[in-house]
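Look for subunit A in each of the two complexes below; its partner is subunit B in the first and subunit C in the second.
Presenting the complex of A and B:
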């Protein structure tokens, strides 16, 4: 059973009692004026209009579990921790899952992150469409090459678009980054280590900006993106060039490395 | 583009029987290869665009043998061609394989030596026309030179060998100085239509009339197959406008007028095979797929009586076959798509609809 979540404001727990008069689907941004009487403040209350942007779930709520394998383990094979967890889940309320988590076997977190980064104005449908077209285009090019290649060369051609995507992203990730540190009135570009998340973010960001800026007016995004990903897979192209330039800058500035204090 | 010929290997989803005439129920669900030599002559313009891309990628053109196509072929084999033409209508939900079944039948007709008149999409003639010339032959009608000349070019590619054999039975006068005499071969008429774009719509009308007259003839008789995709476009409304912004009715287009005469069953010696299509249709709701809904009153009355051939979604066997074919051609690349879980998910997401499955497998 596939599990797609929806964002709902669930504030129906005992201490956070929802008065019946509160209308649904609120997107208010201002608190209404509280009544002057003190008696109104003594009972558990919720403001009439609820801020959505900075709201968070009551910490009592538990995270949802979208993976199917967890639910298929039979009763007998559960470890004591898992049994305890299951009992806890049967009494505690659970947060609603967001739209991006699925129990599908084809779910890929790195690809979802890439889709989110490519998204403009919250239009995930268009971003996801572009990515699927890109994957299809890459696969088509590679499969065509595969079918036309002689027997000996067939094993070397990588046809899996997901493998190409992951490898291309790996090839674009910088190993070392630069930070602007102020010392003695001047700003120096100091080489610093990068966390994994930062490296992945930089690789994706460079890929997307490269495809948005350096393409011909008539080339479609998916076409340019597939060209760039295939080039990055074989370590050519503008994005790996940018990574190499960053590495060279860091190498040339290694004298300032001791300006880093963390 | 060169299509490869492969050495014969045994597989459960392929059949070696590449001749549509010899295919039977035992080949249901299996893929047969259209021989590469036939491909460009038989199908210059009939195939769906995604299928054409697939043929280019896989380097071979494989068509699945399905129930509607086999039914049509068996009707064509047993029909009496001295009686007025039978009209067959393929209908089904969007993406269920109507155009592919039509192309399978067209391949059969072409291997049997019939003359095939394949109109790839009748909707292309009632919308998006840049040039609409008033017809010289009839005052109130409109000509579409680009569409007509394109179609004539493709017609010439499909039926090369017939063009020199069929002789005209009437003299056609195009302008004060140009005319085509009686007894000239049809090829000359078609060449004239392709080169003189202005009169190409009238040339199309003339070609259709000649073929209609000569199809059932005893001397040098050939069988004529009229294959029309998206036949519901011939009745209904168009999106074309005259210069005074009033809408053009389909009857006022020469091409549509002549094609409607072809679809009438007042001639003998052939068959009319048509497909309904909601995808390119104008002013039809997207959930409509039945003949009554898509043809409208006028269309249904003109097509009546016809033999309806329903095209359904893939059965389990056909789905298996399609899945194995994609695996064989290295099209399903995602590691999970090759597992049972992934296959179940694909069935769920596509509901066994052929085109939805194809689009799903494209990025998996």
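Presenting the complex of A and C:
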């Protein structure tokens, strides 16, 4: 079911027994507890029971798709799943696109997430400024390296700051994580698989904390960030070291892996 | 005596039909013989689902007579209003009644009413047992015979499909990708609608079990054989894009097309005048947009609808915005621009804009502060003593 996590009280008990694996996406969504008319679902909404993470959108709303190219695919090249998704979107209301999202080619969801994580006290202008300066700095360094390099090595030097950022982040993402599980009165560090979101979050968090804490006081943030990102791009630096340490810890605690029950 | 909260006017019209010969009414013998008895419809009939409320209140011949009288009364009414009796719709009936019997009452249920008897008298079941007292249906003593017989039917169909699949497996013709029933644009019947269909009350648990059984039927690969049966219990959802109100395009004295739109976000409101002049200049509250929005993100938001539709340099915009902060003003203007652009676009483009999230007003607002806490989420400092 789509929204088990959000609408707990609203669902009648019998729905817990519904088949968990619905083979085709969103077949026969049930509305047994909702009002008799669908128009009640289309207004700004406050849930009857407030969970910690709730939103003003009714769970009936779908996420928007702001990219242009998705809508230019002709009918013939769509897979059956995409066709079904299109039909579903035509009958469901869609949420509004957020402020940080555009259809432009420069809009990068990973970069937006990084900017939000850098942001302090809601000051996005400063955070975005730092990131822009970081990217510029990285480009300058790489172009300098490019011009100094001999002919054979020029092709290997990556100058696109966005590509460097993505690759550096990929190199920082841990593959396996640790969870503290209590068993028999003691807490053990148990290796667990991580979801993609969690991995991305950890990589970004480590990058930012590393730059804030472990650098020389006088260097500016963008300078620290560009140094760290370039190091991570070539798989050196403290963040990648931290990732390796986590992997080693997980490997050493392999014996407790069976403590995980999910 | 039960308060009469609605009177069917059909009988009243027969009186008119009898007297108003100068209206060229076709007064058949039937109408003259019909008694001018007035019908009182009690308040109870406005409650839904009367079927289980007790023994039959109206016999079948009574309902049939009501239907005949309604149809004849409808023709009389059409003649009275000077319309064609063949193409007289329910909407026309309502309008004529409102015209002939103007009512100063506010409650709609108290006003004169002329509708088809099926809508006035609730669906009820005929007597379920014969002269010897023996019930007709074998599930009568369950109390919910239609519901249980429906469950039995569905399960029988599921078994039949499974048998068919086993036969195919035996012949070696079984494939996982048989043609499936398309469920995307429809929803299951709601509990109230199912009750109406079955003419009896069912509980939430019953309803959930019914849906569960239908889902199980649908999980079988060869269920497309029972598509008609399944579709009987599904309702089509309406297409969302048809709800967008698109203003028609206006032209000013030089023949240039223009349109207006307004939008709101948090506490900011903005209006936009979009002109199809081809220069691409934008002015906000009299100043250039570059000076009004020094932040790149806000300017990107202004350009989002234009870039999405590929009309970046085409429109001239005069915007006015007030309230909120810079971000919410940009959001308000983005919504206003998208709405103004709708007049210039085709249906398919309107739908793509809606799916990109440009046409939904953002409902997010500042969360209120709660008593006993410092802010919306922040609690007071915890003190041990």
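The definition used in the following text is that the second predicted complex is superposed on the first by the 166 of 262 C-alpha atoms of A that agree within 3 Å, B and C clash if a C-alpha of one lies under 4 Å from a C-alpha of the other, contacts with A are read in each partner's own complex, and residues count from 1 in each chain.
Simple rule for what comes next: contacts are C-beta pairs under 8 Å (C-beta built on N, C-alpha and C of every residue); 3 or more make two chains touch, one makes a residue touch a chain.
Everything numeric here is computed off the predicted structure, so don't read it as measured data.
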Partner chain in contact with A:60 - subunit B first, subunit C second, else both or neither: neither
Touched partner set for A:124, first subunit B, second subunit C, both or neither: second
Partner chain(s) touched by A:104 [first = subunit B, second = subunit C, both, neither]: both
Which superposed partner A:148 touches (first subunit B, second subunit C, both, neither): first
First (subunit B), second (subunit C), both or neither touched by A:159: first
Comparison of subunit B and subunit C by subunit A residues contacted: C
Touching partner for A:135 - first (subunit B), second (subunit C), both, neither: first
Footprint overlap on subunit A, where subunit B in one structure and subunit C in the other make contact: 104
Subunit C - residues contacting subunit A, complex: 180, 182-185, 187-188, 190-192, 204-205, 207-209, 211-212, 214-216, 218-219, 237-241, 295-297, 300-301, 303-304, 307-308, 310, 327, 330-331, 335, 351-352, 354-358, 360-365
Interface residues, subunit A side, partner subunit B - complex: 2, 104-106, 132-133, 135-136, 139-140, 143-144, 146-148, 159-163
Subunit C-touching residues of subunit A, taken from the complex the two chains share: 12, 14-15, 17-19, 22-24, 26-33, 36, 38, 44-45, 55-57, 61, 64-66, 68, 71, 84, 87-97, 99-104, 124-125, 128
Subunit B residues touching subunit A - in the complex, by the definition given at the top: 4, 53, 56-59, 329-331, 333-337, 339, 341-342, 345, 348, 362-364
